[in-house]
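Note that the chains are named A, B, C and D in the order they appear, and that numbering of residues resets to 1 at the start of each chain.
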Amino acid sequence: MVSDTLDPDKLARACAEQMWSEDHASQVLGMKLDTVGPGTARITMTICREMVNGHGVCHGGFISTLADSAFAFACNSRGTVTVASGFDITFLESAELGDVLVADAREVALRGRSGIYDVTVRCGDTTIAEFRGRSRSLGRPILEEAR
Amino acid sequence: MVSDTLDPDKLARACAEQMWSEDHASQVLGMKLDTVGPGTARITMTICREMVNGHGVCHGGFISTLADSAFAFACNSRGTVTVASGFDITFLESAELGDVLVADAREVALRGRSGIYDVTVRCGDTTIAEFRGRSRSLGRPILEEAR
Amino acid sequence: MVSDTLDPDKLARACAEQMWSEDHASQVLGMKLDTVGPGTARITMTICREMVNGHGVCHGGFISTLADSAFAFACNSRGTVTVASGFDITFLESAELGDVLVADAREVALRGRSGIYDVTVRCGDTTIAEFRGRSRSLGRPILEEAR
Amino acid sequence: MVSDTLDPDKLARACAEQMWSEDHASQVLGMKLDTVGPGTARITMTICREMVNGHGVCHGGFISTLADSAFAFACNSRGTVTVASGFDITFLESAELGDVLVADAREVALRGRSGIYDVTVRCGDTTIAEFRGRSRSLGRPILEEAR
């Protein structure tokens, strides 16, 4: 398996490249994948006009979508196709038009095919939201066999 | 206060109209507000190309955003400005390009300024996700004084 | 398999009897299993001195334990050994010394080996807590083969 | 106010002493408060016969109760009466008769009167459960005025 011939950092980047090329949703929302490593990922997104209400406050759904994307890249970083079975998010501060949000995902626990990943969404030094994702591995590799 | 002169159903619709006119995010995603009542709301959304990955499967963030919108209309239906303090979502089935999703929100509990709202997201008879929102009222009316 | 020869109600009761006989924890806390059916269970518990603090208010952990027990009986009612993978609880009102709490569990969704069960904990007409459990079936039967 | 005359570490210990003296529930379950500091607490508990089922596996409710106690001491460590509005727990491994569980609570975020606290429950090097508590401050001091 390709996965076995790569060190963990390279494997994480190779998985992220493959996922990113297919992830229209994250691209359409203007997300940028800053870094990815074994069990971690950082994604940034700028709040644009389509994401806000009449008062300029960002819809919580887009903050959740950003965190969910960072979660997806982190939990797929070890080479196995892994899906979200669910997540919990707490909103601490509102985000506004033009804010640049940074979502940092990190692995908290892995047990068999189940995992927990925490994501903190910040704007500068302010924490906007705390997210905890629950993952479930499907057991098959992300990268195809070298041919 | 305007709120006091309306019956609960009319109040719910008046609040929804005001919120909807300002909710660019829900409109941009093609959501339609089907019904709203005291403590309830139903919103539909069709999965479009921008919401899916290369395999045609919808990003969980958009399902969460749909549920979050239904939650917002339900928890603001009683006339008081109310925000989401957080939510939990469990994904049961994946949604695909072209699927028409229906999100039904209902009030589960209210205590002081805190509330719980459950939202079920379905595609036909299939449950796609179960969402539980936590709300917090800000105490001020949604509708302004008649002048 | 024994499970196949029983109707759903009788199967639920047979599973509950077997579980109850081994569930020291629920018994020590004075819980009573009122009813059990396919996907449902009702358990009652009286708040005793050991469960309260100096002000007579019940420790949230015991309310969670009551809800968790009702969840366990409901998710094991269909004949397959099923464990809790986690739960979320929201506390709405405090419970006090002498209160009789009633926990009603019901199945919300089943998909493959995963399930969602909601439990409402009440004291009379007052909702004390709302609980949402996440279950995972282990695939083997609760009742042993008839010999 | 007494709270203003103490450094954060001494304040945390003084609050914990007052809470512990009234916390019958935690004492009855054999919990020991190891350490407490500003935003943190560590509590240990040994799984006894009353907490397990017929197979010697601990009821999830007692693991939740342990985590909930650690959460309570951590979120009350800053001198203001603070209650749990709810929590989410994920069970990763089962705990058994005789296991010594250690629950470590730490503050993740504070915003106005709301807070998030994470608790990891371990047995040796094995993580048994991950808990995330949601707190709400009531605004009044834990320690009474010196007289």
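The definition used in the following text is that a residue touches a chain if its C-beta (ideal position, glycine included) is under 8 Å from a C-beta of that chain, and two chains touch if they have at least 3 such contacts.
Treat the numbers as computed from the prediction; the structure is a model and nothing was measured.
Peer 1: Count the touching C-beta pairs: is A-C or A-D ahead?
Peer 2: Of A-C and A-D, more C-beta pairs in contact link A-D.
Peer 1: Which chain is most remote from chain C in terms of Cα centres?
Peer 2: A
Peer 1: Using the average of all C-alpha atoms in each chain as its centre, how far is it in Å between chain C and chain D?
Peer 2: Going by mean C-alpha positions, chain C sits 24 Å from chain D.
Peer 1: In whole angstrom, how far does the Cα centroid of chain A sit from the Cα centroid of chain C?
Peer 2: Between these chains, centre-to-centre, one finds 35 Å.
Peer 1: Round to the nearest whole Å and give the separation of the Cα centres of chain A and chain D.
Peer 2: 30
Peer 1: Mind pulling the residue numbers of chain B that touch at least two other chains?
Peer 2: Where chain B meets two or more other chains at a single residue, that happens at 85-86, 88, 90, 114, 134.
Peer 1: Spell out the part of chain A that touches chain C in their complex, as residue ranges.
Peer 2: By the definition above, chain A touches chain C via 85-86, 88, 114, 134.
Peer 1: Contact residues on chain D for chain A in the complex?
Peer 2: Touching chain A from chain D are residues 88, 90, 92-93, 108-109, 111, 114, 116, 118, 127, 130, 132, 134.
Peer 1: Okay, in this complex, where on chain B does chain A touch?
Peer 2: So the residues of chain B touching chain A come out as 21-26, 28, 49-55, 58-62, 64-66, 68-69, 83-91.
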